[in-house]
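In what comes next, chain A is part of two complexes: it sits with chain B in the first one and with chain C in the second one.
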Partner chain A sequence: MLGTALCLSLLVFWLTHLPPNLEKLAKSQGSARMSDAEVASWLERSGFDRPLPVLYGEWLGVLPRADCGHCGVMQGEWGQSTVFRQPVSAVILRSLAATGWLMLWVMAVMVPTALALGALAGMREGSRTDRTISVATILTAATPEYVSGVVLVALFASATAGLSPLLHEAGWIERRTLFQGTASGAMTRITFWNFALPVATIALYGTGYIARITRASMAEVMAQPYIRTARLKGAGLARIVLVHALRNALVAPVTVILLQLPWLLNGVVIVETLFAYKGFGWTLVQAAGNNDIALLLGCSVVAVTLVLATQALSDLAYRALNPRLRVG
Partner chain B sequence: MESLGWLEILGRMALRFAPVWAGLALILGTGFALRGRLGLAGRLFGNGIGLAGLTIVLFWLLTALFADLIATHDPLAQLSGLKNAAPGSPAPGSSYPFYLLGGDSLARDSFSRMVAGARRVLAIAPAATLCAMAVGVLLGLPAGYVGGRLDAALSFLANLVLAFPVILLFYLLVTPEIRETALPRTFAALLFLFPLLFLILLWHSRYRTRARPWAVGMIPILGLGLWMWSGLALDADPLGVWRLEPGLLTVFVAVVFVNAPTAFRIVRGLALDLRARDYVAAARTRGEGPWFIMLWEILPNARGPLIVDACLRVGYTTILLGTLGFFGLGVSPESPDWGSTINDGRRFLAIYPHAAVVPALALMSLVLGLNLLADALREESLHD
Partner chain C sequence: MTEPVLRLEGLTVSFGTRRGRFPAVEDLSLAIAPGEVLGLVGESGSGKSTVALAVMGDLGPAGRIDRGSLRFGGRELAGLSERALRPIRGAGIAMVGQEPMAALNPSMRIGAQLAEVPRLHARVSRAEARAAAWRAAEEVRLPDPERILDSYPHQLSGGQLQRVAIAMALMARPRLLILDEPTTALDVTVEAGIVELLREIRQEHGTSMLFIGHNLALMAGICDRIAVLYSGRLVESAPAPRLFASPRHPYTRALLRALPRIEGARRPPVPLAGGQPLPHERPQGCAFAPRCGHAQGGRCDVAPVPLETAGPDETVRCLRWREIREQPIVAEPLPEARPGPAVLEVEGLTRRFRTARGTVHAVEDVSFSALEGETLAIVGESGCGKSTLARLIMGLDRPDAGRIRLTGVEVQDRPAGRRPAALTAAMQMVFQNPADTLNPSAPVGRQVMRALELFQGASSAASLRTRLSELFGLVRLPESLAARMPRQLSGGQRQRVGIARALAGDAAILVADEPVSALDASVQAAVIETLLELQRIRRATLLFISHDLALVRQIADRVMVMYLGRVLEIGPATQVFGPLAHPYTRALLAAAPRSDPTAALRPAPAGDPPSALDPPSGCPFHTRCPRRAEVPGRLCADRLPPLAEVAPGHAIRCHLSPEELRKQPPDEERRPAAPLTPSCRGAS
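For the complex of A and B:
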């Protein structure tokens, strides 16, 4: 895993330090009308003309730097962001806190809904409930965040279309729109009205996916001999589902939910851009869009660490939940 | 002139889609009549979900095909006074008297842009999917069949790409700066080689001992393949027929790159599962080479899950292309593809939602159709 992390960071480092990127950095730090010779001399003064392995070693903190000795990512020195004119670590910590709240609410909405829907559908395979829920989950799983976000805003947060004008005319709401179309207010105070749409947008896509996994897993468990035994003993459906089936049916979905975490990151980037919520995803877009190399590297390290950590965590959870894997 | 009501808009749109309805009737009618002889595809007609999925997918395919007939305006033409016009607004002095689904923030026709976007999306997504599947098959089969160190090395590489959040990868790979380097061309040259290599190996492993059929197949494969490859990947086609604009090339490469590792994992898993079968052992006893066994024994028997996966993957690729457009990566700002149009429309989303909602619903319905189709195919192939 350490090897993977090193390979990945080297890859990102190489991609962000390609000559055109450095040239753009020079021009944004110096002046936009620098000649090629001036760019070269700026890069030389800033030390970017040295070979890539040396730069990477210094960034990592393995090789000593001229001004501060060993000061790289491993020592907690993440460099200076050129867009925000602040230390990268401060920017990332702040944005991660904002995204943390978003993720928390997404999880709080998504996980119980998805598990309940999936269990309900898988309980009696082929029933009318199952068909309805299945089609609904296929629908939400076919709707990427930038589509559902747009549709939700048009439905609930537009002054000219959807529900808001109707509700406003009927005198049910004071404001022009039911929900707010941007979440920038949620940076200081989270309310239901400014946070519901971003949370719903991310949760919708994931809910469909997790519910489908839960349904498949539940249907499989319900076909097991021990469920038939319980039924023959005269146990009611509620008891069978809650006591006998649910625990075994949740092994697969829980691992999937954990694996979803990094994948939620995609949704977070889209939703934070769409709703102007200044979290991790928004920061990543700013860093990449403005060629802020230090910040982009920092964001990549965080994102990649998150992915690798959740992969390890989901392995652990699978072992903990599945008694068959507990040898000994 | 008066603006149109919603009923009239729907009626006029249905009329514009006339070629699509005709094509749908023809294809579905023929399919229904021959359903007994079509095998798996024929059984879709007895499956409600499958039929719905097939209809939606065919609808968009035909729309892409007949885009020029259906579109009411040039997707890039701007008409003065129709900026953010409401759906059904009259458009005097143009090729069609109305903007059926309104105008966008640059006074272009939303309906025509949606139709033109369908052509663009359906030109890239299936091709990118096939390319990714070719990579997945050519690397996944040996990884699963041979195993050992080869498997370990290839799996490590696949996991490396998979550990990247997709958007980060896009932001690193699809920037204007990257396009100045040789990176996209190198990647493209490598990735586009896989479909060609696949066909060569497929033909060679089967006919290597018989000179005549070998030459009959190999000459067109090599000639046509190298011609297309040099044009598409290297932009060096001497006749100038095959060409990809640099922006599109980067987008294509990025999408294939993201899709290939998951395709690899699926093929590898299938090969692992199938390599212990009797027919593989029989082929080995006959003295067949490893590529013959992989491509002519294992691959045909893995087709069911692969077809389902391809269906889902085209949908996923459509979503990825939309994501790229949404962040304005790789495509020209004029491009009518759905993602860029949503991105353009979202700035005025709260006031003029139609410009973004139209392509959003189009994209959603296409992906939904593909997912329904995949679901039905999976269900039907389980009955085999």
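For the complex of A and C:
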């Protein structure tokens, strides 16, 4: 796992230290009109002309640096962000905290809804409930966040389109829009009105996806001979579903949910930008857009760690749910 | 006569498919008296499992009872709601299915699954339910109930799981127990143990049973009456001894002829041509007429044949049953084999698997040779290493030690992919499950053609096509089937394709790993016939891996008995099945079901074979050996006996001397002189 993290960080490091990128960096830090010779001398002064492995070693903290000795990622020195004029670690911590709240609410909405819908649909394959839920979940799973986000904003948070003008005219709401189109207020205080839309945007896609997987897994389990055994023992449907089917049916979705976590980061980038919520995704976009190498590297380290941690967690969850994988 | 436990009258069950509704069971009338065991025999697709599900009220959304009544102890079951059925399921009628592993919840401990039954049907406390589970586990003779109750299903063997399933079915003391092929997935020895257990249960509790299966030999040992189902219709029913002594319906006769018989040495089972018609292809008159040797045009194929009463408690559905009484029931014996030189020589072959929990001794120091033109059967319980041995010989796995010589060339270090084409072609395999070993998305002709191209690449396209049609002819497949996909063929046809594919390179050695154990009895016989005929024509060597001793006795020239990776006995079939044999061979023979309800019951070796992870010291069989007491001291536990020659070509691994081994009379002579009367008809 450590090896994977190293490889991935080296890859990002190499990509951000490609010559054209460094040239851009020099020009943005110095002046945009620098000649090639000036760029070269700027790079030399800043130490970027040395070989990549040395730079990487210094960044990691395994090689000593001229000014501060061993001071790299491993020592907790993440460098200085050029965009925010702050230490990278501070920026990342703040944005992670913000994203953490978003994720928490997304999970709190998405997981129970998805599992309940999936189980309900898979319980009786082909029934009307199943077909209704299936159509709905396929629709949401097929809609990317940048579409559903825009649609939700138009429907609920626009002063000129969707529901809000109608409600406002009818005098049912005081404000001009039902929900707020931006979540920047949620940075200080989270309310239903400023947070529901970003949460819903991310959760919609995930809910559809997880519900599909739960349904498939539930339907498969319901066709197993041991469910027939339970039925022929005289057990009722509620008992069959809750005691016999659910645990076996949850193995697949739970692993997916945990694998979904890092994937949520992806949605977070779009949604945070759309709703101007200054979380991890927004920070990442800022760093990339402004060629903030230190911040970009910091973000990728955090992302990689998160992905690997959830992978490990999903293996553990799989093992807990499936006694066949336990030793003995 | 007392009220029967279960009475079916005119039961018709249909299933809805895309092409309309088709009856799976038509106009079935049966009754099971208290304490009686009724056998319901039929091949796959005959509707026998549908009967069980109809009784349990669990036909699923596609199934429907169209007509007829199902009375359980006087109460009509047809049309009952799910809610009304619940107290009957489990407590009134319980069912045990075919696959014990699949029938138990993999993520629930055995104890919890057992305790659920009393919790559902009698309002008892957790502790009481647990105690009941304990008693139930003991009742089905599960060793160490405490440990079993705390286990998950994957931690137990197939035989133990089936005992658990039976314990679960019996917990609420049902009046009727439905057994749907309860032993099909199990080894012979384990099967014998389960049948013995069922007999005891019947004696102790007087539970009535509906025993569903396709193996008549097995049913002979437990059923009082047998009903034969063909294509959804009852064709014959009679008390078991009568049915075996003088079957009336041509189909019953054919089934009995196709049955592997432990007493039929070197007489292969007689195949029954053709297949059972699908529900929507049933002919006008008698459904069996197209396959029946006695069918008369204009008589049998005109109108549905009525069920006739042939005697007290005997029915038959045949227009000509009075005319076709006598018929010889055994096949011609096989000609003596004229084996040639050795084509396969195996020496000191050993394969061990290192796993997280220790080393599995899969194959230990196995030596033998197979001769040209002979059938060498390799027998043993599951886990004895016979399939690993086949994989090693085929080059699908590498041995840790030992030599394999194939037509004189050493091949042990060459995996199948790196053997010269000629050697690969010379040895081919016929697999157990033809459905899994054919590519589901390519026409079968194409798949055989692919093998031909590989092995005879130099030939022209035209000559390859001629070879293909020759091969199809050889395995008796109509050439028109070549364009079909595997799923469009029946099990027997698929296995023939598998054989044709194996023969594409003119194989000198065919390794057949349980080639017929997934097939119905009548189809089995036909596939066996094909294999034997090929062997006669081509003088190929057949390595026949099987756990079915009856079949082995009928067709093998030589037999090798394996146990926990070691060879316990090898020799000519006539001798291995004769008076001088290893105690384990004896035990296997004793456990094989015999198609004779009057045969005496024989004790099967107790328990499951020990784990190959931790094989017993000394003789591997000593922990289950019935004759261990005759060997002085701890010799059996301490020292591995040598594989000693007791007669030319016949070697036995046992500490007992040949004379001592011979003392026990061969099993044929142990039969009682007078037929035993079945014990349980008294109740009705």
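The rule is short, and it goes like this: the second predicted complex is superposed on the first by the 328 of 328 C-alpha atoms of A that agree within 3 Å, B and C clash if a C-alpha of one lies under 4 Å from a C-alpha of the other, contacts with A are read in each partner's own complex, and residues count from 1 in each chain.
Methods note: a residue touches a chain if its C-beta (ideal position, glycine included) is under 8 Å from a C-beta of that chain, and two chains touch if they have at least 3 such contacts.
Note that the coordinates shown come from a computational prediction; the quantities given were computed from them, not determined experimentally.
S.K.: Is A:234 touching the first partner chain B, the second partner chain C, both, or neither of them?
M.R.: Touch status of A:234: second partner only.
S.K.: Under the stated touch criterion, which partner chain does A:86 make contact with: chain B (first), chain C (second), both, or neither?
M.R.: neither
S.K.: Go through the superposed model and pick first if A:146 touches only chain B, second if only chain C, both, or neither.
M.R.: First partner only, chain B.
S.K.: Of the two partners chain B and chain C, indicate the one touching more residues belonging to chain A.
M.R.: Of the two chains, more chain A residues are contacted by B.
S.K.: Touching A:20 in the superposition: chain B (first), chain C (second), both, neither?
M.R.: A:20 sits against chain B, while chain C stays out of touch.
S.K.: Just checking: does A:129 make contact with chain B only, chain C only, both, or neither of them? Give me first, second, both or neither.
M.R.: neither
S.K.: Examine A:8 and indicate which partner it touches, taking first as chain B and second as chain C; both and neither are also allowed.
M.R.: After superposition on chain A, A:8 lies in contact with chain B alone.
S.K.: Check whether A:184 is in contact with chain B, with chain C, with both or with neither, and answer first, second, both or neither.
M.R.: neither
S.K.: Give the list of chain A residues in touch with chain C in this complex.
M.R.: 126, 224-226, 228-237, 239, 243-244, 247-248, 321-324, 327-328
S.K.: Across the complex, what residues on chain B touch chain A?
M.R.: 49, 156, 159-160, 163-168, 171-173, 175, 177-178, 180-181, 183, 315, 319, 322-323, 326-327, 339, 342, 345-346, 349-354, 356-357, 360-361, 363-364, 367-368, 370-372, 375
S.K.: Can you list the residues on chain A that touch chain B in the complex?
M.R.: 4, 7-8, 11-12, 15-16, 18-21, 24, 135, 138-139, 141-144, 146-147, 150-151, 153-154, 157-162, 177, 181, 262, 265-266, 269-270, 273-274, 281, 284-285, 288-289, 291, 296, 299-300, 303-304, 307-308, 311
S.K.: Can you name the residues of chain C that touch chain A in the complex?
M.R.: Interface residues on chain C, with respect to chain A: 56, 58, 61, 82-83, 86-91, 94-95, 97, 99, 102-108, 116-117, 120-121, 152, 154-155, 165, 168, 172, 356-357.
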